[in-house]
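Letters A, B, C and D mark the chains as written, and numbering starts fresh at 1 in each.
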Amino acid sequence: MRILFIGDVVGDRGVQMIQTYLPQLKRDLKPQATIVNGENSTPVGRGISQKIYKQLLESGADVVTMGNHTWDNKEIYEFIGSTNKLIRPANFPGKDVPGRGWTKLKVNQATLAVINLQGRVFLPPLDDPFAVADKLVTEIRKETPVIFVDFHGEVTSEKRAIALYLKGRVSAVVGTHTHVQTNDAQVIDHQTAFMSDAGMTGPAAGILGMQPASVISRFLNQRPARYEVETSEPGIMSGCVIDINDETGHATKIKSVLIDHDHPYDR
Amino acid sequence: MRILFIGDVVGDRGVQMIQTYLPQLKRDLKPQATIVNGENSTPVGRGISQKIYKQLLESGADVVTMGNHTWDNKEIYEFIGSTNKLIRPANFPGKDVPGRGWTKLKVNQATLAVINLQGRVFLPPLDDPFAVADKLVTEIRKETPVIFVDFHGEVTSEKRAIALYLKGRVSAVVGTHTHVQTNDAQVIDHQTAFMSDAGMTGPAAGILGMQPASVISRFLNQRPARYEVETSEPGIMSGCVIDINDETGHATKIKSVLIDHDHPYDR
Amino acid sequence: MRILFIGDVVGDRGVQMIQTYLPQLKRDLKPQATIVNGENSTPVGRGISQKIYKQLLESGADVVTMGNHTWDNKEIYEFIGSTNKLIRPANFPGKDVPGRGWTKLKVNQATLAVINLQGRVFLPPLDDPFAVADKLVTEIRKETPVIFVDFHGEVTSEKRAIALYLKGRVSAVVGTHTHVQTNDAQVIDHQTAFMSDAGMTGPAAGILGMQPASVISRFLNQRPARYEVETSEPGIMSGCVIDINDETGHATKIKSVLIDHDHPYDR
Amino acid sequence: MRILFIGDVVGDRGVQMIQTYLPQLKRDLKPQATIVNGENSTPVGRGISQKIYKQLLESGADVVTMGNHTWDNKEIYEFIGSTNKLIRPANFPGKDVPGRGWTKLKVNQATLAVINLQGRVFLPPLDDPFAVADKLVTEIRKETPVIFVDFHGEVTSEKRAIALYLKGRVSAVVGTHTHVQTNDAQVIDHQTAFMSDAGMTGPAAGILGMQPASVISRFLNQRPARYEVETSEPGIMSGCVIDINDETGHATKIKSVLIDHDHPYDR
């Protein structure tokens, strides 16, 4: 099967990019499953709302993943429990964590499992993503070898480490969170597709999608500054497309997707 | 002028990649200046030695930059003071810091200044890189507008923030340290070339160039594990080439350079 | 002269403790100068307001110091510039930082200088507190050798390091920020009084003065939880009293001050 | 029963303090069980050796606890598996972690359980100490209500949070790691004895027991500096003594123990 993954959607501009380009990408690339990271999709760039979640689905997402901003918009507590298409990092600790950390969907005759995990280097100490992945993957592989992992993490070492740790056991490990696409898309040992970060989807001119002035001001002064989502026109949309052998679960190809001013969409 | 920049050279394999491909790249791309980040160039991947420094120069580097591993091999204290082609982050604090944080070289009729800076997000609290950059750039621009900055940092926000902060005042800001090339090479507002990270040069199969087994073991066990440089064959060489208008100091073009198994060198 | 220092005042309960016990302490201990850290003195435990600032002065404070919460209540921007009795960490970076980082006051025939500094270990990268202290102290000592430093920091190593660095050049280095009084009050080499942390002033039953339930919930779940100031009755008041030789600036004695349920005030 | 706890023993000076004063303290205070934190007891202040471990036992320790330096001296791997009197933080992750995280000993007719845990704030992401404590305590209480916890952590909030979380279920939570004794020994709600940090045992003049010059140099220059254990004469010995009702497991009293130049031992 072919999977299309789109990285962190930021603010209104990000949702607009999804609405504009996701249908075109799906028409042209013909993925059988589409996954979108929506952890920054509210207008303020923190968390997700039910309205936006539905817009992402209507634009073509089959599964929406999250990250460290999962709970920033409290509205998520109201609906995450009643859907299996919205997942949050599986390694959030504690009893009765709302929502779920992985999901599955039928794709043709096969089953695709999607896992969301969060790294711990320079991020809060959730449960060990390596241990949680190990356990989940072992369980899921009893049902299907086609497994996609959105690993939401800060540093390249942790992302590559978990990809190598899961190599041959999952179809793909794609990083999110840094909001900058890396140029290292690769299929490791003809088994597991990997790229350190898919990149973001939203306003191109910002810093992580936020207005530069306040971000720079905070670096200069180290005093609190309110970050506002960048609203200027040029947008960026980032992700990747992965081909997987449904029988073996092995990836055969990964290719980055990038639409921005320097890379206009023309297909 | 045209500048070729090569990201963090790691271990013997990294030095070999430089020796093999840098002459070819220089012959084909014809840069007038070549800059190489050498902070991981010793056999153990930490710091630099005089022998390797000379090898990098002999292979074609005009300037060698460093980063957070600058002082890891104590031998650097013996020779950094007697060369102006090896620079370390300019924002190391304290009195009488050995070596220098920027240098300049004659390129045709113009002067190229090269500045090395280190970020502070998830890295030690050196002096403020924004303030140091501001001061250095103001000073240097009295002599030349052609300024290249190797910004050694962990996170994408800090890297893009300093690029936007210096926009129009320097020719290029290129990130190093994550060892993974980003896919965001761009000339911001027709003024300053930028990419979040140039990527690394060395053994492709490692994690940051280190053997995966010990890195993964440390993630699993959180106990001390000795990291050894990966020694397996396939190598990677990463960087970028930047064209600059000598009169204005504005960049006109930036293009990533990537040589690895999936991107063999053929020119 | 004798100086009374009171550590981080937290919320309404903290202000009440000041109003109740500071006059008594002053009457009994007879300090010539009283310094109070007010960085958590608003009802929500973050920052300071003009009203509370005045209440602290009316209760007997001569100087109010701050810390990492300095700017949390934006109201401070309105009045910090028009008083020399409210100081914030002197090492906040940037141009035209509002307010001042040190102040002085006449005490009998002598002059007492009070400096506020913030540490950088596990705290934001302000300017180097060692370098800023070195410069300030050199300047101030031209006028007076009696210098008190409120060093607002997280870890014991940094606090003791700056005390030893400034030993003989300042009269006292007293730590704040951890909200727990340490049992290490000492005069180092008959020169500089030191204690790692003066402790907090406010509701005794909380965690840092905050209601335990939400703090514990955050540790258990790693999801956002709103911290509210603890409101239950038993209060705590922490600080120290220091005797200084006005001629030499050397401390002769330091003694901790602690009032709580187990240490009722009886004098 | 009465328990004597001694905080982080640092270097040769720390072991000497134990040898000199532990027998005296035991003779005078008459504890039925003695626990010593030995994570810094090698001559270089990192980890423990078999020889020193035996010396601590010979001097009167019944149980030795560890912390973040547990594995720094590799020799521990050789003997930790064959003793039940040396424990390391119970929340080290991974399969087949050498050694054990808790132990028990017969004290008169009762059983004392000792648990070692490590915090995660500003420390590596071990397994969740709250969850591990919850599980261990539930299990151990089937056998005995008398439980002592050495919680090795950096910040006061995490230490107090776990004490309140375990309140009524364990007899005592005593913090270690900061090497500075806090002045907050208390029995919370007549149930659980607590103090944020017991303090260190070793050379008094150092910073964390290390020679100040290199620690200060690192703060000033942010370059690598080798830390050596302070060797000068004056020593410090820190800890606490706790009385527990064997039937209920509730603490009835906690009192800090401190021997240094300003607090000479005279009994």
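Heads up, the rule we're going with is that a residue touches a chain if its C-beta (ideal position, glycine included) is under 8 Å from a C-beta of that chain, and two chains touch if they have at least 3 such contacts.
All values derive from a computational prediction rather than experimental measurement.
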| item | value |
| --- | --- |
| Interface residue identity across copies subunit A, subunit C - same or different by half | same |
| Chain pair with more C-beta contacts, C-D versus B-D | C-D |
| Subunit B and subunit D: spacing of chain centres that average the CA atoms, whole Å | 45 |
| Distance between chain centroids, defined by C-alpha means - subunit C, subunit D (Å) | 29 |
| Interface hub residues of subunit A, defined as touching at least two other chains | 93, 125, 128, 131, 220 |
| Category of the chain touch graph - line, ring, star, complete, other | complete |
| Subunit C - residues contacting subunit B, complex | 93, 120, 125, 127-128, 131 |
| In the complex with subunit C, residue positions of subunit A that touch it | 70-72, 92-94, 97, 124-126, 220-224 |
| Footprint of subunit D on subunit C - complex, ascending | 122, 128, 130-131, 154-158, 160-162, 164-165, 178-184, 186, 196-197, 199, 207-208, 212, 215-216, 219-220, 256, 258, 262 |
